[in-house]
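Okay, so chain A shows up in both of these, paired with chain B first and chain C after.
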Partner chain A sequence: MRRVLKAPISTAIAIAVGLVVLVGYFFPFPLLDGLLQVALLPWALILAAVALWIGVLNLLYVHWRKVRERQKGSIYSGVLVLALLLTTMIGVGLGLNNTWAGRLFTYVQIPIEMSLMAVLAVSLVYACVRLLYRRFNLFTVVFALTVFLVLLSSVPLPFGELPFLSDTLRPWIAEVLTVGGARGVLLGVALGTVATGLRILTGSDRPYGG
Partner chain B sequence: MSEVRCPMCGKTNPEELENCQFCQARLKPLIAPSPDDKPRRIPEDVEKPEGRESVEFEPDTEIPESVIPPSEEDEGVPEWLASIRTRAAEEGFTFEEEERAEAQFEEGEEPEWLTRLRTKQGAEGEVLVEGIQPEEEEQEAGYLERIRVLRGTEISESIEVQLEEEKEVEPEEESSVESEIPEWIAEDVDQEAVVSEEAVGEDYGVKWLRGTGERADYQISEEVVEEELSAPLEGTTTEEIAVSLEAEEEIVEQRELPEWLADFEEEVILYEEEEIPEGEVDSVREAQEALETPGTVREPEEAKQAQIPSKFSFEELPDWLGESLEEDVQIKEPAEEQLAEEEELLPADLPTWLKAMRPVDSISATISDIARVDEDVLTVGPLAGLRGVIPAEIEVSKPQAPPAYPLKLRVSEKQQEQAVLFEQMIVAEEEPKPILKPKVGRPSPIWRWLLTLLLIAAVLWPIISDRQNISLPTLPPAGVLAASELISSLEMNAKVLIGFDYQPGLSGELDAAAQSAVEHVLMRGALVTLVSTQPTGPALAVRFFQDTQAEYNYTWGQRVVNLGYIPGGPVGLYNFARLPQRAKPYTVEGYSAWGGEAGVLAPLQGIQQLSDFDMVMVITEEVDVARSWIEQVQPVLASTPLIMVVSAQAEPLIRPYFEATPNQVQGLVVGLAGGAAFQQLEESTGLARTYWDSLSTASLLAAALILLGGLVSSSLAIFERQNQERRAV
Partner chain C sequence: MWGLGFVFVFLVLLLLFAILGKKKKAIFREIPAFKQLINAIGLAVEEGKQVHFSLGRGSVNGPESTSSFIGLSVLERIGNVTCTSDFPVVATTGEGALGILTQDVLRASFRGSKGEYRYDTTLAQISGLTPFSYAVGTMRPVMDERVSVNVLMGHYGSEVAFIGDAIGRGHSFGLAGSDSLVAQALMYATVQETLIGEEYFASGAYLGAGNMHLASLRTQDVFRWMLVLIILIGSALKLMGVL
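Entry: the complex of A and B
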């Protein structure tokens, strides 16, 4: 297999760092541990923090350009810019413990996001009802029936818990079927992570470019 | 040693052979050969000019009988010819006249007709020329000119040049006259030098005969001709010449001419009057040129008819001759009337040898003969030029353009109808069929709004009515029970690390789920350190403590420390788990957390690693964040327990870590139900209890809507499917 490394330096750095971190997991050598703790991890945290700032500044620049050029939907961009500046000023200037910061967070951000979640709840119920009409087959019936049973067994009902659903069916669904599937998902994720790490270590995958 | 080329295969053979030694084809003709008649040799280097077909000598069909010497004729006469002669003799036809003329010709005597003509016009040519009166000179000059035009007689080029210089007549007329002079005369001059000076030199009336004499005879006669032509043409104009020509014609008609010449003149007139189609003009011209080439021999019709009496039937002739004659007769049927007139006018006293020599073949060849020549003449190969030869190369081997066949099929009406029907079927198959998309009914806004209102009512009704009728879970889950036990085991001023890693949108669920657990921690007098891997986590933590734990009179920086946001996700967590002092040196308020002027904050005293904390609690709704804590932090916690407070949606993926042995998560509180169970376990009040009735009512309503709606939707789907099947049937 012919591979051409366009950026051999960056590739070498990535492979070397990955090997150091991986070896540090299995062999707690003081030198490797010190190198990892002193140099590599702070660099990674600094880069992540700078990346967050770059993201915020980029968001501000993009929407500010839309407002300046008066593009379509620039009013929303203007609202976003104003909200960003206001939140930043309150958070940085007054601090997170300030009452205005708590109010801003409690009365603006949380209701907005919770409203979205509420709409999601209504939409899911409606979609589940229509699913049986649009795609009426065995799997949709099983899906809808499972949702129905889990809903009934997850919360205590006004007339009390259902004997079979609450103590037998619901735990079996949640702890056997669901956990079995979740473990399969976790194993797949772990194998995928190992494969991705090996690809990065061997230089086959270069998400850093090159 | 000379060689003869076989006319069939083209290979050379010795001259004495009669048959080709290669293909056994006959090399010599079947007719009796004359002493001078030798097999014709075709020079190899002779190439036939392109576009010009020449007719080769065909000894077996066209050689006149008169050219065969009498002495050898008897010996070489075939039976058919002998029988013809015998029959002619029986019916009174004799060849005495011809034989006598030939004898006279050989002995140098003048024929009788020539003597008579000479007597009539004057014995001496010079006397005739001098004695001609002016009027007679004009008539004579016109007569000569007329004869020359009609006969196509050639006066040698030198004479013509002199005539042009001296007479200065119109060049067009002269050129036209000159172009009409046949070449056969000039060729005969070279080929036949047997005519005597006396026979041709002084006879003006038969000027073409003079051409058959030698060149010396020409020189003698040129002077006379010049005198004849120059005198009357001097000082005359074209119109005068035309008028004189008309008058000359009348005189010529009245003049007594030899019968043979009169007949010949009639033939010429007939030939000129014959209409030639335009398309055959070229072929006629080519045929004339071919006939004028040396070696070509054409037999005049008159000679044929003279040689073969009409009384003889074709049955008595050999096959080849009979067929040839039959073809001629058939081809010339349209000109029967004309031939009949010619037969009536044909003279009987024309000498045979003169018939054979006169150039009537050049003008008596009919269109049919020319056409036949064009058709039969071989154009390629060593036998090029021969006629009637089987072509060496078959027609299919010749490169030729492919035949053009008509594209239109001949079909009947029924076939055409069937073809149209078949075409319609094919076109119908080729047309793309539209894909029938299943009818998707747009969600009815009425039903959506109705469903929304029902759910909102179910959620708000318990809150508005302030009725908490629905009992909390009596049996707490194992995770809640384990978490409660772990918190309960905390000592006073135990150091607890709590991670707020959830989104504000899910704060309603997680606040209620974590409220009882955090409250239990604070009740145990633990010192709390807050961190978050989410940007909004620190603010959520502040809000959470302000809203739910205000009654515990905590002071930021004293019992609770907010270290804020840990950037880098899993890497940040790993770094924070290894070196928390370096990862988060300051609090959210900007104070030094690990050793400023005020010293190390109480919650962080004695903390060098995460394992130094007494307990770690993570509140999150995201599976990845929970996994990062479990994978990056839990390994360095050693004996420090890890409690997870997660939303209901993350339970399936987090529960395996709790149920594993050894478990990586020692306590697990899931959602509002977990919070309510924890609250029930701790016998406290809080958000879980407040939300519990609403949650129960809304969940029951949602289950009912799903059930009823599912039944209705299923019924509609089944009904519609049956209708579709009925339509399909």
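Entry: the complex of A and C
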């Protein structure tokens, strides 16, 4: 019974809000702009903030359960729970402008993210080599060769830039081949985006309301 | 006005193909990734293994929302298949609102199979709320011994390389797709099967998500041919010095 009542209401709300936003995008009606800015935008912001809190609580619950049930790797979940609680206490208790909150970001968060960025480069090189073993075909060879040539022509070398590679081939790959290919892919993505948006607007796709 | 006209024509064609498509059987070009995914999921259910579905960290009210909605459509299909097995699909997201929708989609799958009492809220997890924390948090279910299929469908950035690398190092089947060009390139290098460009948006049609998905695929094809013609005519006119 709940399903029968719930779906039409959520669908009607989603279609109505979608139409208002779509019409507001194409026609600059002052009344519609007012409705978007006064009503819908604050609602969206409140919803996003509540969703963020629900996300944090979900994260806490999932990892707390792993610790409680002593699942494999629960030590990491324990560290996560402790770090999350400590950061929340400092952030909420002392305020975000507090020195300790700032230090948490400067000396913990930023170094971790930077280290991961550095590791990313290594794992990508490894992945590229593994790709040649895993899926050896013409496309893979072209992919790996392009990566190699662009890298070789971009890195600083002790004897200076490589002639032809740095001044002719790399710009041609980057500005002609890459841009052309990317535009082709993006056109496909844009058409797919419009189709998905219209399916949501017509209510045939309903990722809400069960 | 051009934009509105484009959307209107698109909508008319979409509805037209949806009505006409009911009588006509759809013929697809073969995309091996979908065939392999269906086989891998069937095998996982039979062997008592688990499917992990990553929905990325795209918001539901930004430009990347359509990518998340495609992921949710596919998750619904996989949820329906796996919800009766011993180990139902486990989904990870990196955004709060998307996490709520994921819970809703999975709960609906269980409800549809009259097994809502079996639904566990930890099946839809928010594994991190920043790009790298999401990637690191998602690596745990990816490397879980029980997981034999990993599906990545949603909006990602460069952090997807970590998740793809974790899939590549294991023995599980991996399929990945995204709207982001950066993510597509990294997925191609790291994951077994990658959906490029519009293939990602065709996922619903290939996995039997309904008539409207088939209709939108046909509409996209019509517009794609029109764009090809416009580009060719434009290039020819430019070469002739008219433009």
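Here is the rule we go by: the second predicted complex is superposed on the first by the 172 of 210 C-alpha atoms of A that agree within 3 Å, B and C clash if a C-alpha of one lies under 4 Å from a C-alpha of the other, contacts with A are read in each partner's own complex, and residues count from 1 in each chain.
The rule is short, and it goes like this: contacts are C-beta pairs under 8 Å (C-beta built on N, C-alpha and C of every residue); 3 or more make two chains touch, one makes a residue touch a chain.
Here the structure is a predicted model, which means the values were calculated and not measured.
In the superposition on chain A, contact is made by A:E113 with both chain B and chain C. In the superposed model, A:R199 lies in contact with chain C only, and not with chain B. By the touch criterion stated above, A:S154 is placed in contact with chain B alone, chain C being left untouched.
Once the two complexes are overlaid on the shared chain, A:F105 sits against chain B while remaining clear of chain C. In the overlay built on the shared chain, the residue A:A44 is in contact with chain B and with chain C.
Shared-chain residue A:L19: touches no atom of chain B or chain C. By the touch criterion defined above, A:N97 reaches chain B but does not reach chain C.
In the superposed model, A:E175 makes contact with chain B only, not with chain C.
By the touch criterion defined above, A:R134 lies against chain B and chain C together after alignment on the C-alpha atoms of chain A. Shared interface residues of chain A (contacting chain B in one complex, chain C in the other): 44, 47-48, 52, 112-113, 116, 126, 128, 130-131, 134, 182, 185-186.
Listing the residues of chain C that touch chain A in their complex gives 1, 3-4, 6-7, 10-11, 14-15, 18, 59, 61, 63, 66, 69-70, 72-73, 76, 95-97, 99-101, 104-105, 107-108, 111, 121-122, 124-130, 132, 135-137, 140, 158-159, 161-162, 164-165, 168, 179, 181, 184, 186, 188-190, 192, 196-198, 200-202, 204, 210, 212-213, 216-217, 219-220, 223-224, 227.
Residues of chain A touching chain C in their complex: 3, 22, 26, 44, 47-48, 50-56, 58-59, 61-62, 65, 73, 76, 112-113, 116, 120, 123-124, 126-128, 130-131, 134-135, 143, 182, 184-189, 191-200, 202, 204-205, 207-210. Contact residues of chain B toward chain A in the complex are 440-441, 443, 447-448, 451-452, 455, 469-473, 503-508, 535-536, 538-540, 542-543, 546-547, 556, 562, 567-569, 571-572, 574-575, 578-579, 582-583, 588-589, 627, 648, 651-653, 655-656, 659, 673, 692, 695-700, 702-703, 705-707, 709-710, 712-714, 716-718, 721. Residues of chain A touching chain B in their complex: 36-37, 41-42, 44-45, 47-49, 52, 91, 95-97, 101-102, 105-106, 109-110, 112-114, 116-117, 121-122, 125-126, 128-134, 136, 141, 144, 147-148, 151-152, 154-158, 160, 174-175, 178-179, 181-183, 185-186.
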